[in-house]
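Here the chain labels run A, B, C and D in written order, and each chain numbers its own residues starting at 1.
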Amino acid sequence: MSDADTTIKSTSVKRGFIKFFYSQAMLFILIILFVIMIFVSDNFFTLNNIYNLFRHVAILGVMACGMTLVIIGKGIDLSAAAILGLSAVSFVMIQQYGYAVSVAVAIAVGVVCGFINGYFIGKVKANFIIVTLATGILFTATSLIISEGRNLTARPLLVFSYIGSSSVFGFPVIIIFLIIIMIITGILLQKTIAGRRLYAAGLNDKAALVSGINTSNIIMGTYVLNGLICGIAAVVMTSRIPRIRVGQTAPYLFDVITIVVLGGTALTGGMGGIYKTAIGLAIFGIVNNSMAILSIPYEYQQLIKGIILILAVLYDEFNRRKRLLYQ
Amino acid sequence: MKKITNFIIDQKLIIIIIVLIIALSVEDKSFFTVKSLASILEHATIIGIMAAGMTVLLISGSFDLSVGSVMAFTGIITIMLQKPLGLFLSVLIGLIAGTMVGVINGLLVVKGRINAFIATLGTMVIFKGFGLALTGSSPVKGTIAAYQFIGQGQVFGVDITLFYLIAIFIIVWYLLKYTKFGRNDYAIGGNILSARLSGINVNLYTLYYFVFCAFTAAVSGIILSSRVNTGNAVFGDTTNLTVIAAAVLGGTSLFGGKGGVIGTIQGVIILGLIERAMVVFNVDTNYQLLVRGIIILFVVVTDAVTSRRKKLDIEKGVMEKGA
Amino acid sequence: MSSNEYLLEMIDISKYFPGVQALDGVSFKLEKGQVFAIVGENGAGKSTLIKILSGSYTNDHGEIKIEGKKINIRNPFHAMQLGINTIYQETSLVPEISVAENIFLGRQPIKGGKLRWKQMFDDSQKILDDLSINLNPRSIVIDLSTAQQQLIEIAKAFSREAKIIIMDEPTSAIAEDDTENLFNIIRGIVKKGTSVIYISHRLKEIFRIAEMVTILRDGKTVTTIKVSETSEMDIVKYMVGRDIGDIFGEKTYEVSGELILEAKNIARRGFFKNISFNLKRGEILGLSGLVGAGRSEIVRSIFGLDKLDSGEILVEGQRVNIKNSTDGINKGIAFVSEDRRTESIIQGFTVRENVTILLLKEVISKIGLISTKKEARLAKKYIDEFSIKTPSMEQLVMNLSGGNQQKVALAKCLSTSPKILILDEPTKGIDVGAKKEIHTLVKELANSGIGVIMVSSELPEIIGMCHRVLVIREGKLIKEFRKEELNEEDLMQVAVGNIQSEVKNL
Amino acid sequence: MKKIVIGLLVVAFAFTLLMGGVSCKQTAAEVTTAAEVTTAAAAGMKIGYSMPFIEDSPYCFPFSKALQASVETRGWEMILTDAKGDINTQANQVEDLVAQGLDGLFVMPTDAAGIVSVLEKVHGEYPDLPILISNTLTDPAEIASVKGFAGPNSYLEGKQMGAEYVKYVEKMGYDIINYCHMTGMAGYGAAIDRENGFNDALKEAGAEAKFNMLDLQPGDWSPDKGQTLTENWLTTFGDELQMIYAHNDGMGIGVVNALKAAGVEPGKIVTNGCDGQTQAVQMVKDGWMLFTIFQSPISDAELSMSVMGKIFNGEKVEYFTYLETPTVDASNAAEYLPKAIEIWGAEY
């Protein structure tokens, strides 16, 4: 175990600092992007545009919180967008029974979907990719069936249209909402027993089991929570964009995953957190927004997005290796 | 009783296939003709060929989301180059272009050490964008009539594509069973460490598998673009997951080390039969999704159950041997 | 004598890692057809030495000669080409493919682009017969036991015309009689001129198999001697640099505490049936038998990791229903798994996170969140209590030495102040010093009134530690030994039973 | 083991119930209507309709329902397939459809150019089967292998909209107007047509010079994308921006939502829709939109079926039968509103 002794002796304040430096790779990318944009475009660093920037990714951000939980639990939820869609559809379809009811139902639907995923992945231990792929199809189908494929419009809802599109002291409520969700999930992960156990389960489910952690419940929990969050996101979404069409939410899925991964939450589980996801979200938002205000043609936007994703991840991987040297 | 359930679960693919075939031939008198049976496979060609490539990649423990984009991209390149370069060269370059994506994927994964999911997610987006940029997001039309034979030609009264499918599956089957390419595939997917120690150049072979997967996607791209005599960047937007589903339906593990094309072809046939059933039974389009979802879910869940039982049996086996 | 009579010469090998001199001028010479043992505490430099020999590390200083030629080993594969094969503790076989293919992995007989399956099976059959290993080359590896898999590794190494086979703790995962079988095979290949470098903590084995032994301490060679000219006690003395006396300390006394655990006819289909026993306060109860006999399964089921099919368990006279490990812990049972690397501790967690994982409830602040301060305080307490050697409580456990990792595992389990402690192979792969510490610790715990169940494949350990020993065979409780009737011979006989021969030629 | 199977069954069952419930309702409806129908021309015909997608387009769903209705009134039987936007799937489905022994086949191309060779193949195998292109033109527009086309002409719609804007510019007396161009889903036929049509209209009116395009981005037919794009454009171009040309109502409505949110008063930045959905017509009425094109999925479906009916009765049909698509502007919005509600429902 001589190499172990090595590291024991070799850790020091300086190394700690370098470690910090490398561990913050994504933060630096974010700052660099931000500064560049300030110089490139005068329209970028305006309050209004910054609000836009976040308003546009708010829904994705909320979903990303849920996805982060799932990914830390060594899973992935390919049905998230479908859950969002299903919740939104059910939300609109029963709005005549009053807002409270429809909100409750939308969230309940999300939870149920999450539970179905969680049951098959956590309890039955079926492969998460295929399960969520299949349930994603099922949820989409269900929303088709209950909406009979109709296009739906949400009536303006008092509270929630407020979240969606208005602001307090010029500060968009939807962003406040996003921040709140992030803080809650962040605390859940860092400061609660459940959170600690989730990390344990994500890192090594066997050991977690021996430590008296009911991993299958924990894993199941992440999917249920993700469903819940998708339900909430659905309510917020309908309040921002009142017209719901099945399939409209499908493109969100890969964006959400991209955000989480951009932040540096590893798909291998047990690492990362909301803080990283927040950074990922900011980077994602800036890239989208910049390309829009620079009026880059759509085709090239795709190209650039993809390239940035890959470069970012490469950079992060590079730093992870460096970081390990200083572990 | 338990025996029966076991049998059903182990042979589920065959059973599903038989059930579907019976149901179909009852409903559709013309179903049990060579032509209609062949058409099941003909229609499975494009997904099937990619699924074969995906199987190889999955066995090595990797993953490729970019196959759909590669397919579309290859088609665009080939069609665009027809006028200047003529049939042969355009197809050749098309194939090379598509296969290059595999090289990029492979390098990102083995050299860049990026998770395959992310790497191929990135290339997926990039090459769709590339395709859109090349075509100005409007379809490009084929100019050489002969080209269409590749995807539409008929031989012995069945589509020529059928033979591509069969050929590819035989080739992949052979590769997997009888060549270093295939055996190392299982070794790398099964235990990467011992693969290294046995002098297998893991990175190189992993690269090969990405390239091979992209190559099959490129072939599908040629067939598709020839079949519809058009190249368009939006083709294959939804293909990748279908392809992976087909391979996994066939029992190839997403974690590598086990699987094969025999299973994959069954998976492909099942998807094909479902497609057909949708039409024959005139299933309301809203429910078509549902059926697909349920079948995939059923297969993956039963797989989980069986694999866990197998593990138990092994433990028991060990115990008896140990004592 | 002229150097080229030696197969391998390690001359003044040094390896420096930032902050530590891992190897400092280690030298030894290995002759052809010799079993050469290397012993030393964890951290003495054994693993570094092996890693250098097998090409994972390169030495900063000193030279390596093979058959007199000076060479430097570039990477593991190069080492293999030079004829140095290493068999690691965790088997490095490909699970889903056949025995034959594993033997020929990377060099399958391919002619005309076609793999000759038949030829490969025949050849491997020859190799296996040659080494009198009784295995079907067609069988799939995951269906085989650990012991059998190890034999495959030897066959694999041998078939590569290995000049040197390095075995790192080969017996740590297999039972006594498999060990005997393994030794026969080693003797076989040595006769055929292959040399074996044998690393083990089980000194007894070294006397059974090895010709020469080199003892390392703190990265230096203490001495290299003929095994025939030394004794176990001496070697231990060399290793720890002090005379630690009988490693099991003073003889234990009979206990007469009240019953704390009773198992009545517990059974788990396919693993064990009708097991009944009881455990007194302050008693150390041994579970002996062959690996795979069902010992681990029994304790795992008691702790709640596996499901019991029938039978009942009483803790302090109360019938308890333990469905999962959480219940087990709540009922006052603590469990240390035999698989330290993947089960006892969470590698990716820091020391702090590991030792507090079971006690988080106690570090919850008023608002129901984990209080960093409280947690740190608690972690500190346990790190001191168990004298865990770590630079900081924020160190990742994976960077600690095996002994310290085991201490972390114990600290974690005992943090719940359990009534019953279950230890599965507690000293597997741990050096003599740490072993001693752990044994003493266990004794203290017993004296303090905890009932201990100890599963161990090391007969001396079982005999030295336990008040009573239950021998399990084929999932059945065969015999209970009282302290005074304990001796290795009988234990082995009962454990193996009348089916010994059959087991031999697995 | 058992538990899992049960779990699975429960889920499957739940969904099956759902679909069962709905589908029964439908079949019931079909039965009754089928009973009513007696004397429709060429009753009992079996037709296939291959749609490119259904739930991915706000237009296609009501259209598909309209098709059902109009088929039932004729006492025909229809097999409807959904290609999920994938040309390969559509090609397969078309071949599967014709294998069912059809009297007539409708195809709504997923890919205007891609479908052509597929149709040629099918026509080669079933020369007597009348094939009708519906709703979306092929590329080239006229092909030998099909009997004709029935439906709206998205290219002409594009021109129509272009002309409307030219009129507007003249009315306002601008010598130059700065606009943004919001296209449909990149790469899809209707989007390309409405773009080309619009530009050609400007050319023909010799007004290109007057129209200064600031940016062109796809809004993917969807209100949320439309809203997002507009919000970005507002920050980027500020007061420069005078008009946003949108390819359909969905995006147009998104534009208006963004304008409302940004507190722009109606008419300051003009935009448009295309389809004539209730909300859009309402917005035209309220002065938020300059105009929308009224394209009724019901008359669209009816048109396709009537043409096919003619073919069944052996009547001669023109290759192109276009659905006329009147412009809805402030002048006539009020009278179109009830129609829109009738088609799309009050909320959409």
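The definition used in the following text is that a residue touches a chain if its C-beta (ideal position, glycine included) is under 8 Å from a C-beta of that chain, and two chains touch if they have at least 3 such contacts.
Everything quoted here is computed from the prediction, not taken from an experiment.
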Chain at maximum distance from chain D, centres defined as averaged CA atoms: C
Selected interface, A-D versus B-D, where C-beta contact pairs are more numerous: B-D
Geometric centre distance via CA averages, chain D-chain C, whole Å: 70
Chain A and chain D: spacing of chain centres that average the CA atoms, whole Å: 34
Gap in Å, rounded to a whole number, between the CA centres of chain C and chain A: 43
Multi-partner residues of chain D (each touching 2 or more other chains): 4, 11, 15, 19, 22, 54, 64, 186, 218
Interface hub residues of chain A, defined as touching at least two other chains: 120, 124, 138, 140-142, 144-145, 148-149, 297-299
Multi-partner residues of chain B (each touching 2 or more other chains): 132, 137, 286-287, 290, 294, 297, 301, 304-305
Chain pairs in mutual contact under the definition given at the outset: A-B, A-C, A-D, B-C, B-D
Interfacial residue positions of chain B with respect to chain C in the complex: 177-180, 183-184, 186-187, 190-191, 193-200, 257-258, 312, 314-323
Chain D contact footprint on chain B (complex, rising order): 5, 28, 30, 36, 39, 43, 46, 132, 135, 137-142, 148, 152, 224, 227-230, 232-239, 275-276, 278-280, 282, 284-288, 290, 294, 297-298, 301, 304-305, 309
Residues of chain C that touch chain A when the two form their complex: 15, 17-20, 22-23, 42-43, 45, 47-48, 219, 305, 324-326, 328-329, 335, 337, 339, 342-349, 353, 357-358, 360-361, 364, 368-370, 389-392, 395-396, 399-402, 412
Chain C residues touching chain B - in the complex, by the definition given at the top: 76-77, 80-81, 92-97, 101-102, 105-108, 110, 113-115, 142-148, 175, 270-271, 290-294, 297, 473-475, 499, 503, 506
Complex contact set, residues of chain B against chain A: 108, 112-115, 117-119, 121-130, 132-133, 136-137, 241, 244-245, 248, 254, 286-287, 289-290, 292-294, 296-297, 300-301, 303-305, 308
